[in-house]
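Below, each structure is written out as structure tokens.
Consider the two complexes below, in which chain A is the common component and chain B and chain C are the respective partners.
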Partner chain A sequence: MRHRLRFARTRRGQFGLVIVAIVLAIALLGPFVSPHGPSQLTGAPGAPPGGGHLLGTDYLGHDVLSRVLWGGRSVISLALSATALGFALGTTIGLIAGYSRGIVDSLLMRSVDVILAFPPLLFFLIIVTSVGYSEGVLICGVAVVQAPGIARIVYSATREVSVAAYVEAAVARGETTAAILRRELLPNTLPTLIANLGLTLTYSVLLTAAVNFLGLGLQPPAANWALMISENRTILSLNPWAVVVPATLIAALTIGVNLVGDAISISLGRSETTVDARVDPAAAIMQGNLIATPQGPET
Partner chain B sequence: MSVTETALPEPLSAQPALRPRTAHPLLRFVLRRVATGLLTLAVASFVVFLGTAVVPGSPATAVLGRLANKQVVAQVDRRIGYDKPLPERYVTWLFGALHGDFGNSAVALAQGATSAPIWPIIRDPLLNTTTLAVITVIFLIPLSLLLGVIAGLTHGRLPDHVISVLTLVFMALPEFVVGALLVVIFFVVLNLLPPVSLLSPGAKPWSDPQILVMPVLTLLAVSVAWTVRLVRVGTIETIRTDYVQMARLQGLPERKVVRRYVLRNALAPSVQIFALSIQYLFGGVIVTETVFDYPGLGNQLLQAVTSHDDTQVQAIAFILAGVYIAINIIADLIVLVLVPKLRTQT
Partner chain C sequence: MTASPQALLDVTDLTIELRSGLPVVQDISLALNRGATLGLVGESGSGKTTVAMTLLGYVRPGMRVVHGQITIAGEGIDLRDEKAARRARGRLVSLVPQDPATSLNPALRIGGTIRDVLEAHTSGHANDVAVGEALDRVHLPITGEFMRRFPHQLSGGQQQRVLIACALACSPPLVVLDEPTTGLDVVTQAQILAQIDQLHSERELAMVYVSHDLAVVSQLADRIAVMYAGRIVEHGPASMVLTRPRHPYTRGLIGSSPDHVTPRQLHGIPGVAVGLGDRPTGCAFAPRCAQRVARCELELPPLEPQQDGRSVRCFEAERTPPLQFGAPLAPATPASAEPILLVRDLKAVHGTRGHTFTAAEDISFAVRRSECLALVGESGSGKSTIARVIVGLHPPAAGEVQLDGRRLAPLAKERSRDERRRCQIVFQNPYESLNPRQKVEEQVARPARLLRGFSRADARAAVTELFERVRLPTRLGEKFPSELSGGERQRVAIARALAAGPAVLICDEVTSALDVSVQAAVLDVLIELQRELELGLVFITHNLGVVATVADSVLVLTRGRICERGSVNEVLHHPSDPITQQLLAAAPRLRATAKRDALVSERA
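Up next, the complex of A and B:
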């Protein structure tokens, strides 16, 4: 177990963990200490700090501090659900395509290529155009945008393992395909998946927050940091805190998760001494190309 | 180790771009790359069309409301062309799109306009977005080469640590957070720049450079981080190659080794990195333009999505996807010309 926590001993990892812990504490415990309800009108719109409002009021007259304390839960829950769904989808596609070969393989992986041929946000907007926008569409849409990258990693890991002797032995024992996928192949793709977890999560927070900012996710009066930035831009010169505080919290969350994710992937074998542009997951992930399996020598 | 040759390679510029020996496989590669690109574009156009057209509820219902008279809806559908079978609509649309004719704005027709061609509506936004992207790239390339090479050459030492941590921080920042914080700094605190980038219709963005400052800074802040990271990795890799070690062993001065062998070989792969970031710019502008109300293609797309203007979404999505795919192909071809080693492998 100790080697699994190696990332927590690097300075970047520790720093990231502290930031994430603080933001998580605000998001999860905030509602319990919030002075007002998130959609309770408590004063004049756009008032600067003072008069019982530590951070002033927002564009409608809600207490900014209360909305900040309530608005983190959805930021985190949306990103977590989208990532979980994206991982489930991507892993399933990658496992099936990598093991089956033939027509199923090419069909699945070509579909993956098609999605990757779009800018991620554009693909999401096309989905929104066809099915409208809601919380469910937000989670599923972000998951669909993320799944191809994950599918690609799992695919290459599965292809590598599927010729191993213990897989052939399992086939010879007469195990079902489902059992082989779950017991022989899935465990072998896990390290790569974990190495990408933190970075996928960063991207998930970025994307869900961006969609909420664009107004295509949660709708007012929902309290959400991204939504707060968007709706309070009109009163920016009256009470900048209504934008600055949620913006800082989102930034802290993504930076923290990114630092932890980077530390994890370094501690999981991607040592800093064997660098390769194709295996810098932090850089690759932002472009939708999750390729994190260490490359062997070129032949 | 990716490069195993021990001999010093000729400087890249000394090699003719096309030697007769390699011309044939090179040509074949170019043709194959362009062909797959066109195929991808065709599939992408299908996805764009299908994604926006096979929807319950045509633009007519969106504009007229769900409870609108069915007859009126059918009438509007007929005018937009929504009554024809899907394959026919797709073929008509695709052929039009390839000629730059994207049809009429569905919402405008549903609202009673007799004709509302899309191309004139999106021509200016396309120009504005291109301006934004080009200016960003002009700053992006030298900046990321400089920082990336510095970090790579000082690998493991202080400048590298500072640059690496900063890139990790910046690449995690969403565009709208950077944009919002820039507005707070430059508008609320310093009162130097306008908070929104409004343009009067028909005006060109370069006529009022002030409005470009914050959008460009935002795009730079979020894109420079990954290009720096990748240039850094490329530099470190090149320093480790045998031919750089060889050059050092031959006693060449370090400055000459860096300039002649490290930089040249580290820069060629950067072409692909910059292509990726330009690709990103065409997707990332959607949020950035919204933050500043910049009248570009991303802003226009968002308006079209929220107003359920399907034909306009199709047109803009097709253009953006096309640019995305085209940049990919061009980058692959440039890299092929710059890195002779790859030619023999294809």
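Up next, the complex of A and C:
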């Protein structure tokens, strides 16, 4: 376990964790401390901060602070579930295609290319107009849009790993394909995968925001940071806080998640290199690995 | 040793540490006369490459020079100022790097590469004539066509020649060669070494030759400095150091080096080299040393000049016994005359429809219990492909593989569990053959559970026993492969293969990535296992010295075909095929020639 939590000891990892924790706390605990309900009309539209409204009011006269405190849950739950689903889908496709080669590889990867070729929003438009809108559709839609990118990354990582001697050893002792994928390949594509977690989550947040912005997703009375940015852009000059605060929170979330993701993948990647450093410091220094942790993992 | 006034290179008290304060190399003092060659020898982690790079005034990021001076041809190299150090490169000293494939910029043509070197170190424009001169020096074609080639259009030997041409382009008096032949085939290696030797004698060139391979160094060096854990432990005339080593580590290194002319039993050095952070206060070699006394662990022995002109860093140097080479164990008598593994008329092909390449053809051989058969050949001779066909990773195009008289299916997944169990393979690269994300014991237990149906508890007991067999401490089981050294990893890989309880073990270049002292220990384990478990061993290697040590019989392969076969003795001493003869002639041997001795006494 110590092995896995090593990222939390890097400055980058700690900084990211703190940011993510703050944003999560606002999103999860916000509704309990909110002064007003999310769709309660409390004042004149577009009023600047003052008069009981710490952040002013939005384009309809809701309290911005209350909507910020209520509006994180859906952002995070939508983006998280869409990312998780996208990862599951993409990883499965990438692993199978990368390992199997031949016809299965071509079939899977060419279908991935077809989805990649579609503009994501057009893709949404088609889905929403054909099956109608629901949160489930939104999550699935974002996941399907994300999966091809993840599949490509996992695919190339798998191709790289699948020629390693330990995979050959597994083939030679007759392991099943499922066991090879799960035991030998998946764990070794993890650093690449986790490095992309942050980016994908970011993209999920932005994509749901874009879909909401276009009116294909959540509908206006709902409180959602992404939606707030789009609905309040008309009153930007009257009360900029109605846009700036949710935008900052989304930005903070994405930056925090990216920092954590980077820290994890670096610490996973480093577990190989530090010890090579012990064996051959010269080689490790050549790669620039020794600067941070010259001693290697203590044993 | 003291620097004579006319010394070309003079290094005094060089100490380099990491920014965190861990020493990398300590108290290095060297001197080299014009036209002389120093062999800087050490295993991985000894700091030899760090010293070599510092000779070029280059200190890698993350390291700093604590103290020490380097003077080349009377000019001090400023180790703290990269810009000043750069002025010395090319003019006073140059480098021939280790890996030609990655050292040449793949996007630059050969002519352009050499022109860049000339223009970087001399003023003005370099024309094709100057580039041609540089190429001609290393006997490369000087045609415009050749200069327009890209590195990937050259063979490994040609690439290394281009790098040597770059190093000599500005005629520096000193050249540092950092393992320049390590990635090359023996025959190419012999050619490059001959070329280096010729350039050396023609041009009064002083060389520092850095290598882990004593045999290669002994071809060229007048003097040898042996490094261990960042310090020089023995330094003296080559013939003296090689024939009568005084430091126990030097003796251990020589004792670990296999030789194909006089097969010998190898004595590996027990233990593992100390890591960068764990260097003890006393002698760094003490934990592995057979002649240590209490004092060795308490204080650091000085590098003391001896009466015979060398220096040794050992309190007990007088007690170091002379070299002794026992003959290798007599071939084990095979338990039965019936072959356990039989390969008949095997043909293997690479590539897909239309574009195919025959990797191996007409391959037939048999291995009996307790017998070790070596497959020898250059890279590309098809030996690894044959190994892959035997274990079912590559389907044969023709021919068959029989195990105990029964024909095996082409692919592993089509073979029965018992067939897969009885035929195991150990791969070349210990850094690639273990899953980096699984604990070592889990990986060793897996074949026992999958192929022998062991319960979790039985498998654990088997792992403990196997660790003992391959001489690994049991506590290593808890570790991930990245926490082990190369030799330890390779032993884990052997244990994993043995966990299946095989009858035949295929070893594909299992020691080629290891240091010699580690190689000797791994070979020792394999020989013992072969005898105790009555394993049939197929040992694939390009190293004839290793063949002489482990094998009973040999197949020599070239371009996918068998060109010679016979007992080790016959093939190594009376080779009939020209390819075998060429291989044997090219294989480096530890030697201290009379010519070298003459040179040394002349310059002394």
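By our rule, the second predicted complex is superposed on the first by the 205 of 299 C-alpha atoms of A that agree within 3 Å, B and C clash if a C-alpha of one lies under 4 Å from a C-alpha of the other, contacts with A are read in each partner's own complex, and residues count from 1 in each chain.
FYI, contacts are C-beta pairs under 8 Å (C-beta built on N, C-alpha and C of every residue); 3 or more make two chains touch, one makes a residue touch a chain.
As the structure is a prediction and not an experimental result, all values here were calculated from the model.
**Student:** Go through the superposed model and pick first if A:D113 touches only chain B, second if only chain C, both, or neither.
**Tutor:** first
**Student:** Please work out whether A:N258 is in contact with chain B alone, chain C alone, both, or neither, and reply first, second, both or neither.
**Tutor:** After superposition on chain A, A:N258 lies in contact with chain B alone.
**Student:** Regarding the shared-chain residue A:P187, is it in contact with chain B (first), chain C (second), both, or neither?
**Tutor:** The second partner, chain C, only.
**Student:** In the three-chain superposition, say which chain, chain B or chain C, touches more residues of chain A.
**Tutor:** Partner touching more chain A residues in the overlay: B.
**Student:** Contacts for A:R173 in the overlay, against chain B (first) and chain C (second): which applies, first, second, both or neither?
**Tutor:** second
**Student:** Give one of first, second, both or neither to describe whether A:I103 is in contact with chain B, with chain C, with both, or with none.
**Tutor:** neither
**Student:** Taking the stated contact definition, name every residue in chain A that is touched by chain B in one complex and by chain C in the other, in rising order.
**Tutor:** After superposing on chain A, chain A residues 275-277, 280, 282-283, 286, 297 contact both chain B and chain C.
**Student:** Under the definition above, what is the set of chain A residues touching chain C in their complex?
**Tutor:** 3, 164-166, 168-169, 171-175, 183-184, 187-188, 190, 271-283, 285-286, 288, 290-291, 294-297, 299
**Student:** Touching chain A in the complex: which residues of chain B?
**Tutor:** 1-2, 40, 43-44, 47-48, 51-52, 54-55, 165, 168-169, 171-177, 180-181, 183-184, 187-188, 195, 226, 229-230, 233-234, 236-237, 269, 273, 276, 279-280, 282-284, 286-287, 290, 301-302, 305-306, 308, 310, 313, 317, 320-321, 324-325
**Student:** Over in the complex, which chain C residues touch chain A? Could you list them?
**Tutor:** Result: residues 18-20, 22, 24, 44-45, 47, 49-50, 60-63, 275-277, 388, 391-393, 412-413, 415, 417, 420-421, 424-425, 427-429, 431-438, 443, 446-447, 450-451, 479-480, 482-486, 496, 500 of chain C touch chain A.
**Student:** What part of chain A is in contact with chain B in the complex they form?
**Tutor:** Against chain B, the touching part of chain A is residues 12, 113-114, 117-122, 125-131, 202, 206, 209-210, 213-216, 226, 229-230, 233, 236-237, 240, 243-244, 247-248, 250-251, 254-255, 257-259, 262, 275-277, 280, 282-283, 286-287, 297-298.
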